[in-house]
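By letter and in written order, the chains are A, B and C; residue numbering begins at 1 in each of them.
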Amino acid sequence: MATDFWTWTAAILTLAILSFLYDDNAFYRTAEHLFIGVANGYSIVLSWYNVVIPHMIDPLVGAFRTTREQGFTTAFFTFDELNVLNPYNDNNFFIIIPMMVGSLYITRFIPKISWMIRIPIGITMGYYTAIAIPASFKASIVRQLEASILTRADFSSWSVLIYGLFIFVTTVATLVYFFFSAEHKGFLRPVSNIGILAVMVGFGASFGLTVMARISLAIGRFVFIFKDWLGIVH
Amino acid sequence: MKYCFLIFILAAVPVFAVQELPEDQMFPDTNAGVHDDTGMEPFVNETEVFVEMSEDALSATETEPVADSKLMPPQNVTAFDVPHDDGEAIMVVWEPPPEKTPTRYLLEISGPDGLWHEVTETVMTQYRVSQLTNRVLYRFRVSAIYPEGVARSEPTDPVAPLDHWLKLGEVPVLIAIMIFVFFLLWFIQAARRGVELFVRRISGLTAVEDAIGRATEMGKPVLYVPGLSGIEDVGTLAALNILGEVARRTVHYDVKIICPNRDPIVYTIAREIVKETYASEGRPDAYDPDSVFYLVPDQFAFAAGVDGIMVREKPATIFLLGYFWAESLIMAETGASTGAVQIAGTDSVAQLPFFITACDYTLIGEELYAASAYLSREPMLLGTLKAQDYGKLSFLLAMVILTLLAVLFGIDTVGWVEVR
Amino acid sequence: MKRKIPMTIMFILAIWGGISYFVGKTPVRNFDNLLRNRLLLIVGAFAIILGLGSLIFHHSQKIRRKARFWQYSYVMLIALVVTTFVGLFGGVRGEGRLPTIFGGTMLGAHEGKVYAFMNRDELNTFMSNPASYADPDKALMDLPREMDAPEGEQVFLSRYHAALLRQEIELQHAGYEMADEPIPPMISPVSGETVRYRADFKISLQALYEGIMVPCGSTMFAMLAFYMCSAAYRAFRMRNLHAGILLVSAFIVMLGQIPLATVFIPWLHDLRQWILDVPNLASKRGIMIGVGLGASATSFKIILGIERAWLGGGDE
């Protein structure tokens, strides 16, 4: 049996969470709220150490120091690594601009200017939606097209050809299933049926592949309880 | 739910009995499962704190010269800038020694520091060295490694990677986007002119109305989870667009909506959407500022919290839309066990099977993106749906034509669309 | 104005994001990296304040209204405050000003060697001038690979790493009596006294992470095994064709993984491979193409201002 405080905590929490499989109960509720509280605190500390200190406080403090040590002219009007207006330098005042934009999020609490919250949202959304376009075209369309084309190499043997043709036809059928412009009637009906059939078989494959991994995870938890905590199994 | 123990034991027996799991999988430490490829999203932040930086690709290892005069080095080692890229890569090509084939090759690089660093060991006769600095000269040499010794080639002439305005390797992507934009603008124009655009029935989406109606009858809330990802996933944006449509209906039916969030930016947008919907539908007084809230950024803590909400609030309808990781089934199964009608939708292919088994309706991949257009019936949005269809049609056409060209005429059409 | 300004700003950022993808010139790439890795990170960090505000509001509201299970909101809030306090003032590994590690043996590492210390003062003395104590004989063992530390940098061993160290010792000194002492006695390089390993008590952020978040998280993850079973059972009971096909395919793939089953049914392995190679691949390709087009269409809708749910439904 373990004597360590944290092993006991971990074991009790493990049991408390597992008890949810039966029903909601006081132990689960406590574990859940504890988990959420600690996880939130943890993320605050992480953003403090990973974002606030290295990207906001350090550059600003460093920029102040540079200005004080090197003098105003050097810090502001030279074009080397000491310039405190160059955003590429480690120490710079430039980051005040994104900080000001970010602080617009706080305008939500001031009704008169609360619309300004849309500015940081718009900036983030604009950039990420735009870079998503070429990225998704590359990964899910051009790359897939490249992989879908049959070449003479696919005709080298019967087994390769049949595999290739099967994949070709099934891809077409799946695409037809996701066609929104036409009702699945007439010719499209059997084709889209093949498509959804393939989709389901494919999903089954993912399901089957994941089961084993998940079961060994569950076994891992039981090993923790019986080996690390209770010390019954060695 | 109660049967699951029995089934679990039955399913676990073969794992113990026959499956030879690797040692570490059988007895994981307390971190068990935190390194699962399929289910666990990457925790970038934690890695930064707890794990030491991995060694740089170009670790400084000064290798001892062990050249053996009897063994032949690789021939014609040449290095050249990868054309039309962002100036970060150099291609190194060499030929195998004429007499004896070595077991592998060792590629080394020498940069401004003048030292030789190992890049990689490979069995191929070419290698693309990336992550270099633009306009800096590098030299390369290749050693043939034999069982009995090593033979090293002469260093290549210095070569610098150069940056270019247009990344030529991405041109197929650019062309595909241009075709799509053409369709998009075409159908948006058509919608503006008032052309009727037909869209077939999508069962998961026709169910939305009924599902919210059901919540009204039962006097219970609607739970809406806009995925677990951040704004950088377009699936999240699609889920937020649908949230607007769902919120409009909850205002109409006077049903309470509960919307827990994992990402603070997504939370902010979701809150704005719900609040504005209440305002635009003329019921700003009915808006509860506590209905959209931020729960927790940790993946499984979020699942634990949502599970708690599901069993305690007993929502009549649950929407799980957006991008999900392994927690998808934890939430979907708990929701199913509470008897709620569940409408799920995700573009995460790995999680779709779980939604299909546990939810009443599942929007598969693209249907998630089609949802806001379908629900709002706004002509311009329907126009983009048509563009998507024509995009698929063009894909099919390209697939067939390029295959025919490749098979009948032996043209290297794969090379045409290859993204480098 | 309330919609035009955000729309315009969004459009400019979108144009930049879209074009910069295709441009290889270094200044463009550098600015793009700056934007993505620094500027947008700073902007996004402020949203956490809103999230946090929402979290505290949500739970204080529960407590004030005495809503159902309001007592648990105290658990959440206390856990939040304690974790944040410990993390901000005690440091991630307990290296901060607030003492978060009590008792126990001080272990430190220097140039790849592990040392034991009587107390924190000793450790600090050593770390401030390790050269004067450079006696290689006092180093007890090489660090296991996981603990490789940059030269000269001090490393506190977490419980996890201490356990690794213990494993390493067990491997190297087979037959060593390890019953009560996870780590053998070591000699302090400063005072020369023998330090016997004692388990310490930590409430550092890392201890909270490993003692609360990891077990809770991995148990939630492990519960998936049960949920998969009940989901399969549910699908089986639904008796609809699609779910049936899904289950059959899942069953074949699962069974094909078990060596014993393939002995009895030889073609099972081939069937499994066919399922993975053909319908699985083709259907996922089909879905991916749709997802790619759908995602791009959604992006275009937002950039062109056709989809403006995020701006709200107001007319201004």
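Convention: a contact is a pair of C-beta atoms (placed from the backbone, for glycine too) under 8 Å apart; a residue touches a chain by one contact, two chains touch by 3 or more.
All of these numbers come straight from a predicted model, not from anything done at the bench.
J.: Just grab the chain with the largest centre-to-centre distance to subunit A, centres being mean Cα coordinates.
T.: The most distant chain relative to subunit A turns out to be C.
J.: Which chain pair is joined by more contacting C-beta pairs, A-B or A-C?
T.: Answer by contact count: A-C.
J.: In terms of Cα-based centroids, which chain occupies the most central position?
T.: A
J.: Averaging only over C-alpha atoms, locate the centres of subunit B and subunit C and give their separation in whole Å.
T.: 18
J.: Report the inter-centroid distance (CA atoms only) between subunit A and subunit C in whole Å.
T.: 11
J.: Subunit A to subunit B: how many Å between their CA centres?
T.: Result: the chain centres lie 8 Å from each other.
J.: What residues in subunit B touch two or more of the other chains?
T.: Each of 1, 4-5, 8, 11-12, 19, 29-30, 32-33, 36, 39, 49, 170, 173-174, 177, 180, 234, 237, 265, 268-269, 272, 295-298, 300-301, 304, 312, 349, 352-354, 356-357, 364-366, 370, 385, 388, 391-392, 395 in subunit B touches at least two other chains.
J.: By the touch rule stated above, which residues of subunit A touch at least two different other chains?
T.: Within subunit A, the residues that touch at least two other chains are 10, 17, 20-21, 29, 31-32, 35-36, 39-40, 42-43, 47, 49, 105, 108, 118, 121, 124-125, 128-129, 132-134, 136-137, 141, 148, 168, 171, 175, 178, 199-200, 203-204, 206-207, 210-212, 214-215, 217-218, 220-221, 224.
J.: By residue number and range, which residues of subunit C touch two or more other chains?
T.: Where subunit C meets two or more other chains at a single residue, that happens at 21-22, 44, 47-48, 50, 52, 55, 69, 92, 210, 213-218, 220-226, 228, 232, 242-243, 246-247, 250, 257, 284, 287-291, 293, 295-296, 298-300, 302, 310-311.
J.: Which positions of subunit A touch subunit C when the two form their complex?
T.: 3-6, 9-11, 13-14, 17-18, 20-21, 29-45, 47-49, 51-52, 55-56, 87-88, 95, 97-99, 101-106, 108, 115, 118-137, 139-141, 144, 147-148, 163, 166-171, 173-175, 177-178, 195-212, 214-215, 217-218, 220-221, 224
J.: If you look only at subunit C, which of its residues touch subunit A in the complex?
T.: Listed in rising order, the residues are 2-3, 5-7, 9-18, 21-22, 30, 34-36, 38-50, 52, 55, 69, 72-73, 75-84, 86-88, 92, 159, 199, 201-202, 205, 207-226, 228, 232, 242-243, 245-254, 257, 275-293, 295-296, 298-300, 302-303, 310-311, 316.
J.: Per the contact definition, I'd like the list of subunit B residues that touch subunit A in the complex.
T.: So the residues of subunit B in touch with subunit A come to 1, 4-5, 8, 11-12, 15-16, 19, 21, 25-30, 32-33, 36, 38-39, 45-46, 48-49, 170, 172-174, 176-177, 180, 198-202, 231-234, 237, 265, 268-269, 272, 295-298, 300-301, 304-305, 307-308, 311-312, 349-350, 352-354, 356-357, 364-367, 370, 385-386, 388-389, 391-392, 395-396, 398-399, 402-403, 406-407, 410, 413-414, 417-419.
J.: Flag every residue of subunit A that touches subunit B in the complex, lowest number first.
T.: Against subunit B, the touching part of subunit A is residues 10, 17, 20-21, 23-24, 28-29, 31-32, 35-36, 39-40, 42-43, 46-47, 49-50, 105, 108, 117-118, 121, 124-125, 128-129, 132-134, 136-138, 141-143, 145-146, 148-152, 154-155, 168, 171-172, 175, 178-184, 199-200, 203-204, 206-207, 210-221, 223-224, 227-228.
J.: What residues of subunit B sit close enough to touch subunit C in their complex?
T.: Listed in rising order, the residues of subunit B that touch subunit C are 1, 3-5, 7-8, 11-12, 14, 17-20, 29-34, 36, 39-40, 49-50, 52, 84-87, 134-135, 163-167, 170, 173-174, 177, 180-181, 184, 188, 234-235, 237-238, 240-241, 243-244, 261, 264-265, 267-269, 271-273, 275-277, 279-281, 289-290, 292-301, 303-304, 312, 326-327, 329-330, 332-334, 336-337, 347, 349, 352-354, 356-358, 364-366, 368-370, 372, 380-381, 384-385, 387-388, 391-392, 395.
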